[in-house]
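What follows is a pair of complexes built around chain A, which joins chain B in one and chain C in the other.
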Partner chain A sequence: MDKIKIGIPRSIPYYYFDKKWTYYFEKLNIEVILSPKTNKKIINDGLNYTNDEMCLSLKIYMGHVNYLKDKCDYILIPRIENYGVADQTCTNFLSLYDLVKNTFKVKVLNYNIVLSKRETEEKGFIKIGKSLGIKTSVCKRAYVYAKAMSEKDKKKKHLMNLKKLLSSKLKILMVGHPYNIEDEYVGLPVLKTLEKLNIEWINAYDFDSSITNKLSSKLSKDIYWKYSKELIGAIKFVEDKIDGIIFVSSFPCGPDSLVNDLVIRKINFPYLNLVIDDLDSLAGVETRLESFVDIIENAKAKS
Partner chain B sequence: MKTQKQNPNITIAFPRMGNYDIPAKYLLTNIFDVNIEDIPIITNKTIELGTRYSPEFVCTPFKYTIGTLIESLENGANVLIQAGGGCRYGYYSELQEQILKDMGYKFQFINLMSKGQKSLKKIYQELKKVDSNFNPIKALYYLIITIKMVKYMDKVDDYIRENIGFEVVPNSFINLQKEMLNSFYRSKTNIDLYFKYKFYFKKIKKIKINKPSNHLKIGLIGELYTLMEPFSNYELERELASYGMSIKRYTNVYYLLFQKGRMANKYVKYAKEYITYKMGADAADNIGRTKYLCKHNYDGIIHIKSTFCTPEIGAMPIISKICQEHKMPLLFFSFDANTSEVGIKTRVEAFYDMIEGRRQ
Partner chain C sequence: MNEYYLGVDIGSISTKGVIIDNNNQVITSLYIWTEGNPIVAVKKLIRELKAKMPKDGKLLGIGTTGSARKLIGLMLGANVVKNEITAHAVGTLSKHKDVHTILEIGGQDSKIIIIDNGVVVDYSMNTLCAAGTGSFLTSQAKRLGIPIEDFGELALKSKNPVKIAARCTVFAESDLIHKAQIGYLKEDIIAGLCKSIVLNYLNNVGKGKKIREPIVFQGGVSKNKGVLKYFKEVLDAPIIVDDDSHLMGAIGIAIMAKKNKNHQIFELDATDVLFETKGSECSKCSNNCEVLKIYKDHELVDTWGNRCPKGSE
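Our next item is the complex of A and B:
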């Protein structure tokens, strides 16, 4: 019998679970196919399967699913509703699964995280393992392993970030969801430009989320989106160690439209608000980045 | 006429949605000893103001509500109330408060929701801040009457919506409804309100209509604010009624407050061949309703929402799929501050021609 292959779209939820998934399936000895980095074809396919009001990230996601649809047995799509009532997600995380089910004829491996109703991540992971015919005890062990390993990686990232903060270069905090910042077409061009300009960039989401989540209340007392909380908490965390902030969001991101606007009103740093919509307008982004770096350089020279 | 209140310095205002400013005002006047402002009707100026001070790609209800709040502040309000939840709506308050403060207004902002959830304790604390004489027992008494009022309003509204397209004397429904709401506003007890409701509902049912037995039936679904605030959907319901169609709309305040909790899961179960989970706000409800309307001999479905409404955008592909499978005519509207009214009229006309043609 052929080994079961599980497809993982390299988009939205992947960036929150990547290590956990890979360690988990590695332990269970299941083959995983990861869709390639976002390319022109994936984006165009994504546009074909979505309507034009959907956010850019969702369009890219659908492109990745389209790439995987006939290359694997199952596609892994979690549904994440909340990690507690004050830690919700954007509604796209709620509808991803049903959206894909209705758009493509594919088998989907799905788990649901609703912590407010005690549907935990652990239960979710065990559920997918079980539906593949693996014993609960084995799944449980694999999950514990995956969790411990990914926690270790997270700690490493946190330490790396702290190290970056000590750098003597100009330091810019990147505030944006990982699925945007790390996407080949959305955030990576920005990071590359910053590197060219000799800037130390620090990803807000790489900080320990248990610290940043709590700090968010200092900027916004009513916020209830988990991932946005962690991003703005990081601003508070590194406040006095950075020279500027770049907000990166995809058009028209729901939470970002409100949260970024509120945060911008409350901070007094140099900032740049990049909303990536049209993927062909990256040249414009480069110019904006250059002038932004000029501004913070001048500001630093003066002080 | 304003009577002398104990705290003449306090004036409360809140954003407007349809006719619901009447029960809201009723509740506030009866539980507080302060001035309640007449909420200004939404005009083009409101939306212009709202758009100018809103973030770039926020959904349209944000712009309408902040526009109304600015106008209210200009008229002298100094306590603002905002509530909402389910999607982005729950986060409006904090940003709106900040924007209005940055504009230089001095006011107290009361957010009835905390982190997108209802919290009775918080509501009590906030209300106590407005009026130190706030009495929760009295408030509960009037709250019950207000809830009943909303229920009666919505019931009458449903009837009117189904029949207004067939009235013989123009505006007879609207005028009587206005009269009814005015008399509701003056009622003091539950029983008083009940008799008024019975009286007016009887009267409204007696209004002469010319309703053919094979009239066209339309289901109206979509995002809640756009559905319930006629200005934000460019009076779409009136436009549809002028073609002689009866309109079925599910979303109203009574549904959202008291039926949604129970019905939302039922809708998901009902449409289980399409969806497995709730999708935020009213998205799953609308998918269930789409299937129901398809199965029950309706002639067409119109889905309306404000631009950038994320939950509904996620539901739209599934709604079109259901309609395609059932060969049901479907029309999408996405309303923004600068949607062209002529465009709406043309599309409604074309849609009417199509469903009319299908009948024959």
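Our next item is the complex of A and C:
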């Protein structure tokens, strides 16, 4: 029998689970097909399968699913409703399963967990394995392995991020979701421009989330989106080590528009609010970044 | 021999050039329409400025700013290429040392620059759309059959400006057509339009910014007396519009070219050089980048727009 092939879209949830899924399926002797980095074709396909009102990230997600639809047996779309009552995820994430189900004729591997109802991530992983006809004990072992490996990856990333804080260059904290920052079309052009301008950028999400999550309460106790909390907590975590903040969000992001606006009123930092839509020309973004870097350079020279 | 510096600000609608001396005094200046072709516009600009430049001097620096700054910078061999925020701030500060707020409305951009003790501390620019900028005013003027130069004067005649949706220019336009069709006076509509530009600007670009005096208003739209009137009215504050308000970006970048130490003698011979650009869609990977190749005398000098090295081959 051929190996089962599972497709993972390189978009929204991928950036939170990173290689955890790949490690898991590897252990179960299942092949994983990861969609390529976002390119023009993926964006255009995504635009065709979505309506105008959806956010750019969702459009990109659908483009990735479209790429995978004929190349694998199943597409993996987990749904994590929350990580506890005060740690919700964006409603758009919850819609992914239904969106894909209703748009494409594909088999979807799905698990739904609600951590506030005492469900665990492990349960989700095992549920998937079992639905593919694999014994619970084997699934459990594979999960333990995947978890350990991905923890290791994460620690390495966190360490690298902390090291960047020691840099002698001007340092800018990038406050944006990983699926935007690391996307070839949304965040990477911004990061590349910053590198050209000799700026050290630091990812707000690459810190220990248990620390940043708690720190977020110093800026606001009312935010209930887990990922937003971690991002703004990072501002408090590094506030005495950075020279400026760039907020990067995709158009039109609901949580970001609320959270960023709220935070901007409370911080005393030079900041730039970048909203990225599907625009081919980078000229506008470059002008804004250059001007912003001029401002923080001047501010630093003055102090 | 006197030393001079050239600043060129190439916007979407107009191209501005100034020549300044060592004391930042404007020796000569020119304001022409870009007409969608920055290369041709700049060649014309250079030709005329060269003719007007005193013969006893030498040109030691060139700076370019504005949305075509990179292209023109390459064409002129400029020693400074800088964004328009910084250029406008430097230019304005050279004339108004204590300025706190710069309101700027240009052809496709509008921005607000906040300055504290002579240093830019905050700025904001219109985001995804060109709502409430000069190009919108120009197209509406054309629709109403009024030369854009007379627009401001006409607006001042109005005693009762009509209310026009200020949030989005698409809505503003349909509002405008509607008001015209039910019989409002032309000057009232024009005045309403000027007011909507002001409200749009303050609600979008100026949102959350502390607008403190002294306030300087510049960019092409600052020449529109109607818009100026409503800025004064809505902000309830005096607003300075310099005679050179449309040239501030060019003056700023000329000053930066002066401050830059890489001086050399420029001959301004760009008018004789054949400068071409070729745009194409790269098909070497699925990104299909829009690549722009720049040729100087048929020789490839630069490639823009490509996301990977394949595009520049």
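In this section, the second predicted complex is superposed on the first by the 301 of 303 C-alpha atoms of A that agree within 3 Å, B and C clash if a C-alpha of one lies under 4 Å from a C-alpha of the other, contacts with A are read in each partner's own complex, and residues count from 1 in each chain.
Criterion: a residue touches a chain if its C-beta (ideal position, glycine included) is under 8 Å from a C-beta of that chain, and two chains touch if they have at least 3 such contacts.
Just so it is clear, the structure is predicted and the values come from calculations on it, not from any experiment.
Trainee: Should the pairing of chain B and chain C on chain A count as a clash or a fit in the superposition?
Mentor: fit
Trainee: Contact-wise, after the overlay, does A:E53 reach chain B, chain C, both or neither (first, second, both, neither)?
Mentor: first
Trainee: After the superposition on chain A, what angle is formed at the C-alpha centre of chain A by the C-alpha centres of chain B and chain C, rounded to the nearest 10 degrees?
Mentor: 80
Trainee: Applying the document's definition of touch, where does A:G254 land relative to chain B and chain C: first, second, both, or neither?
Mentor: In the superposition, A:G254 touches chain B alone.
Trainee: Once the two complexes are aligned on chain A, which partner has more residues of chain A within touching range, chain B or chain C?
Mentor: Larger number of chain A residues touched: B.
Trainee: Figure out whether A:P270 sits in contact with chain B (first) or chain C (second), or with both, or with neither.
Mentor: The second partner, chain C, only.
Trainee: Between chain B (first) and chain C (second), which does A:N298 come into contact with in this model arrangement: first, second, both, or neither?
Mentor: second
Trainee: Which partner does A:M160 reach: the first (chain B), the second (chain C), both, or neither?
Mentor: In the superposition, A:M160 touches no partner, neither chain B nor chain C.
Trainee: Check whether A:N39 is in contact with chain B, with chain C, with both or with neither, and answer first, second, both or neither.
Mentor: Second partner only.
Trainee: So, A:A148: does it touch chain B (first), chain C (second), both, or neither?
Mentor: Touch status of A:A148: no partner.
Trainee: Identify the partner contact of A:T287: answer first if only chain B is touched, second if only chain C is, both if each is, neither if none is.
Mentor: The answer is second: A:T287 touches chain C but not chain B.
Trainee: Report the closest approach of chain B and chain C over their C-alpha atoms in the superposed model, as a whole number of Å.
Mentor: Taking the overlay as described at the top, chain B lies 5 Å from chain C at its nearest C-alpha.
Trainee: Per the definitions at the top, what is the overlap between the chain A residues touching chain B and those touching chain C?
Mentor: Common to the two interfaces on chain A: residues 251, 265, 275.
Trainee: Please output the residues of chain B touching chain A within their complex, sorted ascending.
Mentor: 55-59, 62, 87-88, 90-95, 98-99, 102, 111, 113-117, 274-281, 283, 307-308, 310-311, 313-318, 321, 334
Trainee: Which residues of chain A touch chain B once you look at their complex with the stated criterion?
Mentor: 50-51, 53-55, 79, 81, 85-86, 88, 90-92, 94-95, 97-99, 101-103, 110, 112, 220-225, 251-255, 257-262, 265-266, 275
Trainee: Spell out the part of chain C that touches chain A in their complex, as residue ranges.
Mentor: Residues 67, 82-86, 117, 119-123, 125, 127-128, 208, 285-290, 307.
Trainee: Which residues, counting only chain A, touch chain C once they are in their complex?
Mentor: 39-42, 184, 189, 251, 264-265, 270, 275, 277, 279-280, 283, 286-288, 290-292, 294-295, 298-299, 302
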